[in-house]
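Pasting a structure here, questions to come.
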Amino acid sequence: MVTDNPTNVTAMAVPEQMQASVLSGIQELRVEPVSTPSVASDEVLVRVAAVGVCGSDTHYFRHGRIGDFVVEAPLILGHEVSGRIVAVGSDVSPARIGERVAVEPQKNCRRCRECRAGRYNLCRRMEFYATPPIDGAFAQYCVIRTEFAHTLPDPISDEAAALLEPLSVAITTMRKAGVAPGSSILIAGAGPIGIICAQTARAFGAADIIVTDLAAQRRDRALTYGATRVIDPRDVDVASADLDVHAFVDASGSPEAVFDGIKAVRPAGTAVLVGLGASEMTLPIEHIQNLEITVTGIFRYADTWPAAIHLVASGQVDLDSLVTGRFDLEHAGDALNADLDPAGLKAVVYPN
Amino acid sequence: MVTDNPTNVTAMAVPEQMQASVLSGIQELRVEPVSTPSVASDEVLVRVAAVGVCGSDTHYFRHGRIGDFVVEAPLILGHEVSGRIVAVGSDVSPARIGERVAVEPQKNCRRCRECRAGRYNLCRRMEFYATPPIDGAFAQYCVIRTEFAHTLPDPISDEAAALLEPLSVAITTMRKAGVAPGSSILIAGAGPIGIICAQTARAFGAADIIVTDLAAQRRDRALTYGATRVIDPRDVDVASADLDVHAFVDASGSPEAVFDGIKAVRPAGTAVLVGLGASEMTLPIEHIQNLEITVTGIFRYADTWPAAIHLVASGQVDLDSLVTGRFDLEHAGDALNADLDPAGLKAVVYPN
Amino acid sequence: MVTDNPTNVTAMAVPEQMQASVLSGIQELRVEPVSTPSVASDEVLVRVAAVGVCGSDTHYFRHGRIGDFVVEAPLILGHEVSGRIVAVGSDVSPARIGERVAVEPQKNCRRCRECRAGRYNLCRRMEFYATPPIDGAFAQYCVIRTEFAHTLPDPISDEAAALLEPLSVAITTMRKAGVAPGSSILIAGAGPIGIICAQTARAFGAADIIVTDLAAQRRDRALTYGATRVIDPRDVDVASADLDVHAFVDASGSPEAVFDGIKAVRPAGTAVLVGLGASEMTLPIEHIQNLEITVTGIFRYADTWPAAIHLVASGQVDLDSLVTGRFDLEHAGDALNADLDPAGLKAVVYPN
Amino acid sequence: MVTDNPTNVTAMAVPEQMQASVLSGIQELRVEPVSTPSVASDEVLVRVAAVGVCGSDTHYFRHGRIGDFVVEAPLILGHEVSGRIVAVGSDVSPARIGERVAVEPQKNCRRCRECRAGRYNLCRRMEFYATPPIDGAFAQYCVIRTEFAHTLPDPISDEAAALLEPLSVAITTMRKAGVAPGSSILIAGAGPIGIICAQTARAFGAADIIVTDLAAQRRDRALTYGATRVIDPRDVDVASADLDVHAFVDASGSPEAVFDGIKAVRPAGTAVLVGLGASEMTLPIEHIQNLEITVTGIFRYADTWPAAIHLVASGQVDLDSLVTGRFDLEHAGDALNADLDPAGLKAVVYPN
């Protein structure tokens, strides 16, 4: 790589080839050598420390597609990434070499209507890690624009730094939900996103954080991560329980949870649909109209890493304890199947 | 009335009884004498000039209920009202007597959480005209709080003044939709609300106003009221036509129109559901999530009459030409059935 | 009182006369018997527990006026109040009797443009405690509308409950300043309001909280209440130090601090002027224009007590330790002069 | 140019040198040949049609600087530009060649915090036309990024197209001022910006548009461009006249007008300072605080040309009649001095 691009600056030897876990078919994953990515003038090369496993990685692994995105050529998964800068492009200060960073895994076009308006997450020409045909970070190195390699303070571990990505999802959710000191919020689903949302809601000042989940184990866990109350939706009819919350967040993808959760929202409140469950759902339209409820969804994030870093560095959000499995690159497949263990929460891959 | 309440001020003789069109059962409507309403200290008595017929009036007339609101006792319909103040309560300046006014037909509690927050339309203790058990204005007189009797400038006719009420619905819709100079908007349905929304969108500065309707006659009419383009949804697939609008407004109540209309919205755009069609509808959730579209509804209005008066007085919105039928109190039933004529748009009742 | 108004409900004997500390001239304060206030149908009578002393109380005490508000008749000072409900009006549930409450010391007209819009703090007909000619709460009892008697959870002490009033000022400030997780904020002045603002900024998620004050003792204190950095403005030129903060809050009233603080704000940031110092100030207009900075002020509060109660009950804001002096009604004058001790922070009067 | 950059596409002969009016010292302006600008891959080359003269051009011409921006090398003035695309960079569709366009005369860095947030006008690395050391458009050709060359519909003349730039200032102002149907607005100053603001306020729906100016001729002109009332501030004390406007816009740069205008704003209203008059001004702080008025300024614009094009194409804003002087390149100096004629409003230079 270095020889190809003499304008790059590097402080240490970076091999021309690196090891990567490559998905070549459904459930077909193999570690093999691939070219170390080249670095454009405004980019940095990151030696990967830790990579969290996301539900979308697992979905590509098992199904080879998510909606219109189809894996048609070998693909490297993984988009929750931390590491250390080992080389920089010609427009980036060499002083960045050696920095520990969290990667915001997106590359927007910077020019389109959405980018110009500050909604770069909605850029139609986005190149996002681990979304076909863009490679992710189950590999020794990855490349990212310098502004999306976010400098880490020491107290944040490599694992927590990787998990700033799902925390960014939660921050976007809380912003959309308008959560502020004193708010009440209902969260459906106590999986990784639900748990991080509960913590983030608390950090945003929510006074009442109600979490629903079918599994007792998951409900109990939610109580240790910020929930002030948990509900088994088979015991309490969420739709009619008069929860009267400012905001409802769905982190379950369940159409029933979405329907009932919206009915729990107070007048002028908000529902944010984060969980992916069905391309179409039936919603309580009359309730939405009569109470002027706002329903929306989120698609990734824009300008969240600085806030995420603060929430973790200040101890308001705990990401470290969410990691329930650690795997090397050879066992990336096991990491991708770790969600089959109901006691597990978050798997992390260590490519180096 | 006057004798009962010596603190009221009145400039002319107001009879103790008045004629009203009373709904006593499904499609059972009869003009009969009822007590003229008494005036509280902060209220005014209005001699009714014109009353528009709304779809909700027609619905109560035919079905005896709308959702949870059931006509269980004789009810006076009509909530789109103009008239002249003939008496005032003790806390109201007698100088108001004689004023031509448009009535904002609601009486909120002023104290609850919603009222204190400025969302008085969402007050749970709202007493709204022609919503059981609160009487409306198919009668010679009606009573309203002084702040909701909006002074009319001369150029606005009695009929137009009555129709400031549906215009208030349209203004609320445009505010929620974020319509501003240069916006593009898709409106489903070219009935009275759709037509007023098209005009209001133009007044709010919308550059592209696309209206869909199944009926050619209604599409043609939309073109004379602000639409820049009309679509027959049987000819053009709205969902896939890449209309890329900032906002979608449903004024049809059709679940198909709602589904397709939301798919026509651009990233970060808005859908406002005004039409009443079904208590539940199936929405394109994945599209809402991926494009971060905001979906909401409206429930009446707050702080709209001053803007409505300006839009009509300045000629930006034409309400007069929407009136296609005029009826006296004896023929209120015919007015309520006027919607059966596809060429009709808006019926008005003259109680005096 | 009770005999006069048979519609009131009371659970315990309330005397017709009560002891109050009455201001009859500049620095002329005397405890004397006055009529216990009567209770309207939507009000409650509160037996006062604790009353915080505010700078405005001190100002009336020393100068007999604040701007256009002049003490022209005997006045009871004190508007930071907690207590217990001992009687209720006819429209209030008797179940409220016995409740510990914090008083939101305002009575708005509920009808005007500002009230209807949810900005009841800006009501032009506001009757506010301890603002001529409205009495405050340096007395055994006070009266307040039921919706502004906010129920207290047990963990909040009487003193902290009284200080929810200045906390409400801080909450309003943080809302106006747009403080959210990760924000940076500069606060000028480490008096009571500055100290509570620093704590509230932290609770709203601010990452960097810079406090300036001329007094070393006050700067040190700020560090124990949330400040992440303190600055002596004689050592560091705040205007040119490139602090690049999202928001500046003035809690000093110093024109120099305001000028320099605004220059420390980043593009599109906000300055909120809370401190009262001069009716006119010179601002860096070119800087405001070139960076599109928003400058505003606050006037009391609307809808803040629920959030304030949560912040204190959850331990995010500590009000108890701010109290540095306690006085009975006889020594209210000493309480009003307690600000002369630079080591003091907040005085509290106990009328019963 | 073309020979230097083989990746450019051009449809017609573009000379390597062009004529330009170059400012080489205070009031020293000379037409001389300079290199035709080269076109980067994402840019287009525009053959200039019309260029409006702005007060900032005149200021550089007379004083050689504006604040920290100093003319230290020969500079081409002019930033209100229309023309026709004659060449495009390699990343731009050749189909754009021949398009009539209005130029948004800025080139932001696309990467910084402000750009990423959608506030590209606040980019600290902005390269703006006619701001040292960046050349403007008093020349035969100019270059601009493709997304900032806004396609013009036929009805918009070259002159009006150039004046979309000051219209963009007015649109930004109305957005900041929150002007919507029914608003009331006070505008100080009836120069070009004030006149365009009055028209734009009307297009945004303002019901009451009050314009102040010392000159009767200018006040009269304001009445023909949207003002509903004009005031000579020597006759009416704006500060105490209880104008009670939603928004105040200063387009005068006069400290007195700014002070008085802010005092005319209603509670929770807004003041937007557009005029450049003094780097510091004295503001009525107590009034700003007591009424919670928001004061801000604007710095250029972001995302305004589409709305501007609509307002002109639909006839809501008339820019053509504002042009009171036309000059060729040789007489650019006369154009820059045209503001000395009190009857003049807007001068336009035709470089070709």
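When the chains are written out, they are named A, B, C and D in that same order, and each has its own residue count from 1.
The definition used in the following text is that a residue touches a chain if its C-beta (ideal position, glycine included) is under 8 Å from a C-beta of that chain, and two chains touch if they have at least 3 such contacts.
Just so it is clear, the structure is predicted and the values come from calculations on it, not from any experiment.
A.B. asks: Applying the touch definition from the top, give me the chains sitting in contact with each of chain C and chain D.
C.D. replies: Joint contacts, listed by label: A, B.
A.B. asks: Go through A-C and B-C and name the pair with more C-beta contacts between its chains.
C.D. replies: The greater number of contacts lies at A-C.
A.B. asks: How big is the gap, in whole Å, between where the Cα atoms of chain A centre and where those of chain C centre?
C.D. replies: Chain centroid spacing, chain A to chain C, equals 41 Å.
A.B. asks: Mind checking the centre-to-centre distance between chain B and chain C? Centres are C-alpha means, answer in whole Å.
C.D. replies: Each chain reduced to its C-alpha mean, chain B and chain C end up 42 Å apart.
A.B. asks: Counting only residues that touch at least two other chains, what does the list for chain C look like?
C.D. replies: Chain C, residues with two or more chain partners: 117, 119.
A.B. asks: Which residues of chain A touch chain B in their complex?
C.D. replies: 67, 114, 117, 119, 121-122, 124, 176, 258, 267-268, 273-274, 276-299
A.B. asks: Given the complex with chain C, which residues does chain B contribute to the contact?
C.D. replies: Listed in rising order, the residues of chain B that touch chain C are 42, 110-112, 115-120, 145, 147, 302-303.
A.B. asks: Using the touch definition from the top, list the residues of chain B that touch chain D in their complex.
C.D. replies: Residues 171, 175, 180-182, 203-205, 207, 306-311, 314, 316.
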